[in-house]
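Just dropping this structure here.
First chain written, first letter: the chains are A, B, C, D, E, F, G and H, and each begins at residue 1.
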Amino acid sequence: MRHLPYEDLGFAKIDHHRAIRDHIPEVVLGLGKTPDQVAEIGKRLVEQSGRLLVTRLDRDGYRALQAAVPDAEYDEVARTAVVDRDPQPLLPGVSVVCAGTSDIPVAREAVTTARMMGSDAGLISDVGVAGIHRLFDHLPALMQANAIVVIAGMEGALPSVVAGLVAVPVIAVPTSIGYGASFNGLAPLLAMLNSCAAGVSVVNIDNGFGAGYLAGQINRLTHSPPRAD
Amino acid sequence: MRHLPYEDLGFAKIDHHRAIRDHIPEVVLGLGKTPDQVAEIGKRLVEQSGRLLVTRLDRDGYRALQAAVPDAEYDEVARTAVVDRDPQPLLPGVSVVCAGTSDIPVAREAVTTARMMGSDAGLISDVGVAGIHRLFDHLPALMQANAIVVIAGMEGALPSVVAGLVAVPVIAVPTSIGYGASFNGLAPLLAMLNSCAAGVSVVNIDNGFGAGYLAGQINRLTHSPPRAD
Amino acid sequence: MRHLPYEDLGFAKIDHHRAIRDHIPEVVLGLGKTPDQVAEIGKRLVEQSGRLLVTRLDRDGYRALQAAVPDAEYDEVARTAVVDRDPQPLLPGVSVVCAGTSDIPVAREAVTTARMMGSDAGLISDVGVAGIHRLFDHLPALMQANAIVVIAGMEGALPSVVAGLVAVPVIAVPTSIGYGASFNGLAPLLAMLNSCAAGVSVVNIDNGFGAGYLAGQINRLTHSPPRAD
Amino acid sequence: MRHLPYEDLGFAKIDHHRAIRDHIPEVVLGLGKTPDQVAEIGKRLVEQSGRLLVTRLDRDGYRALQAAVPDAEYDEVARTAVVDRDPQPLLPGVSVVCAGTSDIPVAREAVTTARMMGSDAGLISDVGVAGIHRLFDHLPALMQANAIVVIAGMEGALPSVVAGLVAVPVIAVPTSIGYGASFNGLAPLLAMLNSCAAGVSVVNIDNGFGAGYLAGQINRLTHSPPRAD
Amino acid sequence: MRHLPYEDLGFAKIDHHRAIRDHIPEVVLGLGKTPDQVAEIGKRLVEQSGRLLVTRLDRDGYRALQAAVPDAEYDEVARTAVVDRDPQPLLPGVSVVCAGTSDIPVAREAVTTARMMGSDAGLISDVGVAGIHRLFDHLPALMQANAIVVIAGMEGALPSVVAGLVAVPVIAVPTSIGYGASFNGLAPLLAMLNSCAAGVSVVNIDNGFGAGYLAGQINRLTHSPPRAD
Amino acid sequence: MRHLPYEDLGFAKIDHHRAIRDHIPEVVLGLGKTPDQVAEIGKRLVEQSGRLLVTRLDRDGYRALQAAVPDAEYDEVARTAVVDRDPQPLLPGVSVVCAGTSDIPVAREAVTTARMMGSDAGLISDVGVAGIHRLFDHLPALMQANAIVVIAGMEGALPSVVAGLVAVPVIAVPTSIGYGASFNGLAPLLAMLNSCAAGVSVVNIDNGFGAGYLAGQINRLTHSPPRAD
Amino acid sequence: MRHLPYEDLGFAKIDHHRAIRDHIPEVVLGLGKTPDQVAEIGKRLVEQSGRLLVTRLDRDGYRALQAAVPDAEYDEVARTAVVDRDPQPLLPGVSVVCAGTSDIPVAREAVTTARMMGSDAGLISDVGVAGIHRLFDHLPALMQANAIVVIAGMEGALPSVVAGLVAVPVIAVPTSIGYGASFNGLAPLLAMLNSCAAGVSVVNIDNGFGAGYLAGQINRLTHSPPRAD
Amino acid sequence: MRHLPYEDLGFAKIDHHRAIRDHIPEVVLGLGKTPDQVAEIGKRLVEQSGRLLVTRLDRDGYRALQAAVPDAEYDEVARTAVVDRDPQPLLPGVSVVCAGTSDIPVAREAVTTARMMGSDAGLISDVGVAGIHRLFDHLPALMQANAIVVIAGMEGALPSVVAGLVAVPVIAVPTSIGYGASFNGLAPLLAMLNSCAAGVSVVNIDNGFGAGYLAGQINRLTHSPPRAD
């Protein structure tokens, strides 16, 4: 195992070797960190790589980050902050689809993450299965994608329907949108794990980041020249 | 409250007043009863009304019943036994739809029950959401129904899709078909309870009887002359 | 599959074809939508059909809606807003029954929805099973109904008792009223799914809308002339 | 704390001081014990007190016990064995009520236990809430009881109804009778814990013994002369 | 079934027949009711019987009640209000025991309820099983009781220990005191349901009222003259 | 939406359009199907495409299949049957890693599926996190992969460790291997969904098929020429 | 990180470096392994170190092991097999306590494991909290221990009581002994995790091995000379 | 059983005998106690022993405590207050390791507790398994420890990795850090209970106190002279 470099801030140990590889963003999960911790980690990452993605960042955390990294841009809906000081052209091939208007915050986290991974990600919203005809108009766009993120709360049925129509990986994101027997997203999570359609895999409830990251990874592999084995 | 008659067998108290009303079958839930209990209850019910539906009846239970009621007919797949000594013409208007081949036992319990309720019930099988085009061929038939039973295991998505396409009640039946995170039918149960489509209600896991009964009730109401209020 | 029209607002895709069919209200689930989104969707729906039902609408959402649709009427207890610019006579045949005083908000959501579906729905409250004699006085009214919505929290026993007394569909709504081992409505949800009475189906916890919608559907079918098959 | 005597068999430590107090049976839970262990413990207990109650005893366990204690009587339905070499007159005042025929094994365990506690316990079966009129015929008997055991599977609603009609303690026993969303008795357990009727307490799923024991305790207290305080 | 009187307030139906029987308090569960509803129900009950117990009453509810029933006394810790205009001497025989200081609010609800049932209830607090010697000093008092309420959060072990030391009914109340794997009281609830000691039954999490009511019922039965059967 | 062909066997509707696209195997889930159903569906699929993959096939099912399709090959450990009458060269790029010896059946299902998808999949077994040095020897092989399937029961930690070491998608498969608080695979399922490593997605418990399918999809995309957009 | 040796059998990778350190047994978890796999792994381990512990070994597995390692000794109750070709004197200081006779299989797994770790472990059985006086006779023995394993099913209360009486680590093992709301050991697991006594930690349900291993580790540390730091 | 002294404050019973034994701190769990109760209990404990540890203490509780015990020191991150008026030299041998920055509050509670137990505890933070190389730099420190506390949220994998590298007890603490399918710490709790590494035991979610206490106990045993048996 090679010796990988990291920087020790005491309360956090920051990996810089990932930034050396192209198009992997430096990521900070804002959840559970104090504003000062977010700001300090964010500052060091931007100094090293000129790139940063912070997720689950509340207003207070953003204010502290902005003081340390003035060009950090905040998306209040997605609760993300991004810095990209040397943006590269984005590769086409990622689609983000969500079932309802209420799923848009998670969808935007996925879109932003995929973009930080170097992929241009289109967003198709409000195409839930109770009005399945709305989805069909978007089939041509879906047919062009190399990886599709499908986001749904409530019964979580959309990923199965999409995966039955395309031949590429579908990354399913259950959301906590719903009430009662949704049990904060347990219902769509279980539904997606039990999908009868092949090609579906699942990330954590509300984890737009994880889905966007994975879609970006797959899309980049697809654009790379085949390896000579 | 009016005084309703019943017959006391000691271990069971049998209602006969229901048989007086048309088209409500005498029903025995076989689960948890000994073969002798099933046979004795079944015999009394047939003697009173000439009709009988036993559900969740295993082979041993059927053998005991057959000795007491020789014309009882057994469906080994649905695990039902029926007697109907004076069959009436069936009313059209009930459809039973199931997502996969494995859901057929539950679907047949629903079909048999709806028939005992006086409704002719057609069965459309293997039209799960991962190949949604298979469902669309059956839309004309579904559009004719007054009540639709939709049965699915795994992610339990089919009721939402069907309810989005029709304007009549959809009775959703989750099945225990699946494995792992299905948790014996919990996954489709929760999915169906969280359906984003209006007009969906849910019965217990694998409860084809309950769904067929309710579909029969609704269909009969539909065929009755409107009440003069 | 026929091509169904909808209007694309970007964040939402609105079906208008449903409004063309009589007595199906345009419905917006307020939960998870911003006040601006509710207002914009609501405005478009009212412009098309003159009718609107918004559920789970908080005060802020209502204020935004009222600015866009001044004749929207708010029920703070049920958290619903309604517009009906050309009201039709209501059909009799729906009863809404609730077990306790605390279940009234859910019951009023059901009543309002049934009315928007074209059915006149009476409300019988506080007839829980621990004082079962209070229910019996209302039996004559229940005997007149074509569909009965039964709402209960805590042990969720009322639907079974009602369904044992009538011969029409009972739509059971568990509520999150309770504490401790209620687990936010899980207890009555499971109880209702396991009802020993035939004719009971269940909707999501606190889903008065879903129950009222379904009762309205069934009642309308009952008042329609029988189909000639 | 007083020094209480017990006998040490190595694998088990047997309390004999309980037998000294009247009418508390020596009890052995058969579950998880080998036939030899049951037989040896049973033999010692009978030698000391002439009384024995073994619960959850399978056929193999009974055969071993019978070899050691020939006068042990087995009830295959309740899976209990009893010895009572000096039976005393039984005190009236315990009623055992069960919702369905399938609950009878648990009910008989409760009846047997109450009898070993010195109480004469009547059994009323198959009076579930879906046919509530069957219960009302038994109200006079219930009104005589000092403690009532109410046993139900499925939705577990019967204890609430009974407790609403009487003024004495109701001991509720959920059973694992049911399927699907019963989750092996979880549904009636939660329902009973959430009973809206005062005076209801709950024991473990299928725990007829615990309920019969408690009913016997209460009934004996009731028959004792009031304490002079 | 006899015809029982009640008063219909529209949103609530109040039983008065219970007040006719001695020592059963008129009870209102404050949870889920508006302050106005509590006040109106409370006022009617006091007018009829001169007695009232309101549980789970917050400050706002109490203020409304006090305006309608000025002599209502509030216990902020237990969140109960009581009125008793003709207090009777209390019967000895109920003990309330709690495992930790944090369980005191539930314990006081139990004590207040038992008193409204006519029983004098002593409170023994902070005798949890991790310092079991603290319990033993109180054994003489426990040995005098006819019914013992045992309240515990966390591992919920105290009822088993107490029931192993006495020969009277132990009513176990799990509390939501704890964190993490307590899951809001699920841990002690399950522990108490699985008690290896006979004579233990369980009420809902934090349900001090239910336990105090039941203890009062049992104690009163004990003080009544034996029935002549 | 294009009109997709399928063949209707009554109990099943078989899609043939998928076989037209290269390297997507015809798949039958054996679970819940009778041996006759498996045989008939399998026969039709092989007749159309010369390829077949049956999963979760027990011995009886295989015997029926073998009678209909004599060249079907059975892997008793993986419980799969395969037919491939015109095998193509396999593309390198898939690795399957499992934590323990007991996970091998699931791993072999994944390997077989990936091969039917056209990918050569190597298997690295018994490299669980409690002896993490065993994994490191295999890092060079993992670094060559385009997609990695990581299979683990018990604490399900291996996917996080692997994903932290590579830059390609990791498809995590929880297994039901374990006991007690594994709750049939719930423990590793939850662990994998909460992975702190980016690039991890999850399929159902024991779903080697789903993981192998997805890995094959990703690997094929990687070997395809980049799309000209 | 040092390079640790292991032997690769293909289906398993065996660590031998652990055997180099004294008194750590070579352990094989039998669960999920075929008899042949157990036999082959067992044989290699014995060849290297002359010591072996196999847990959760059924009869078939033992027969295969015995053929390969004739001096392996089987304990059918604990389902363990052991080989120790050069036994060393055992260190005193471990006590294993179990609540009921039914917990003995788990207790014996713990005792056997502790012995293979080099500690002499005494077994105290049937001292559950419902007869707490039986425990107190064993206090002197418990006071001598350096580590105590406490095993209990049902309500799982014993570890709290023991930890309140001693000042050394208590390792709690919940067992699946029980029924109903035990939910296969969930009840005692949660109870133990919520222990109000300090010094208690918990291992998996029925994991006698894990508890015995940990007790052995602690006891050995206690017997080692203090480190010079 | 010896007679142990305690002081009765009415609402609490304080053990003083523990303070007599060295290095066991007087501990108060702040959760669920009023500020006044904390202050009064804290004052009495400090008066007796000069030492105090209060856990889960909020700002209000601290203010009340400070008024009663002015030299109490508060750690707002860990939410602990400590008093130690005669500090002793600390024994080396405890390490506290946490997976992420967000786990630091729990880690500091563990460190503080271990110190109050007389052990010097080092803290290694942010060494989660997704960047496992960060852990390896700390192996020399871990190899010196007699007991290691390992704290992790999310997938909870770190304890297994650590326990595979060392030969001393690992006390695992799941944290509620995470979201979605973490279910407030259930995911890492289950993962840790299912650890495939021997030597791991688990305490409650977020229970840094329990882990620090146990590590201190083990470390002290290790530093004590071996008992002469």
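Criterion: contacts are C-beta pairs under 8 Å (C-beta built on N, C-alpha and C of every residue); 3 or more make two chains touch, one makes a residue touch a chain.
This one's a predicted model, so the numbers in the text were calculated from it and none came from an experiment.
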| query | When you check each chain against chain D and chain F, which touch both of them? | reply | B, G
| Going only between touching chains, how few steps reach chain G from chain A? | 2
| request: Compare the two sides of the chain B and chain C interface and say whether they are made mostly of the same residue numbers, over half shared, or of different ones. | output: same
| remark: Rounded to the nearest Å, the gap separating the Cα centres of chain A and chain F is 25
| said: How many angstrom lie between the centres of chain D and chain H, each centre taken as the mean Cα position? | reply: 44
| message | Measuring centre to centre with CA averages, how many angstrom lie between chain B and chain H? | response | 57
| remark: Each of the following residues of chain H touches two or more other chains, namely 1, 100, 131, 136, 153, 165, 178, 180-182, 186, 189, 193-194, 198, 204-205
| said: I'd like to see which chains touch which, written out pair by pair. | reply: A-B, A-C, A-F, A-H, B-C, B-D, B-F, C-D, C-E, D-E, D-G, E-G, E-H, F-G, F-H, G-H
| query | Which of the residues in chain D end up touching chain B in this complex? | reply | 100-102, 104, 125-127, 131, 133-134, 136, 153, 177-182
| request: Would you mind writing out the residues of chain H in touch with chain E in their complex? | output: 1, 3-4, 6, 10-13, 15, 31-33, 37, 41, 56, 174, 176, 184-186, 189, 204-207
| query | For chain E, which residues count as touching chain D in their complex? | reply | 1, 21, 24, 27, 92-93, 136, 139, 144, 146, 167-169, 171, 189, 193-194, 198-205, 209-211, 213-214, 217-218, 221-227, 229
| query | Which of the residues in chain A end up touching chain B in this complex? | reply | 99-100, 128-132, 153-157, 160-161, 163-165, 178, 180-183, 186-188, 190-198
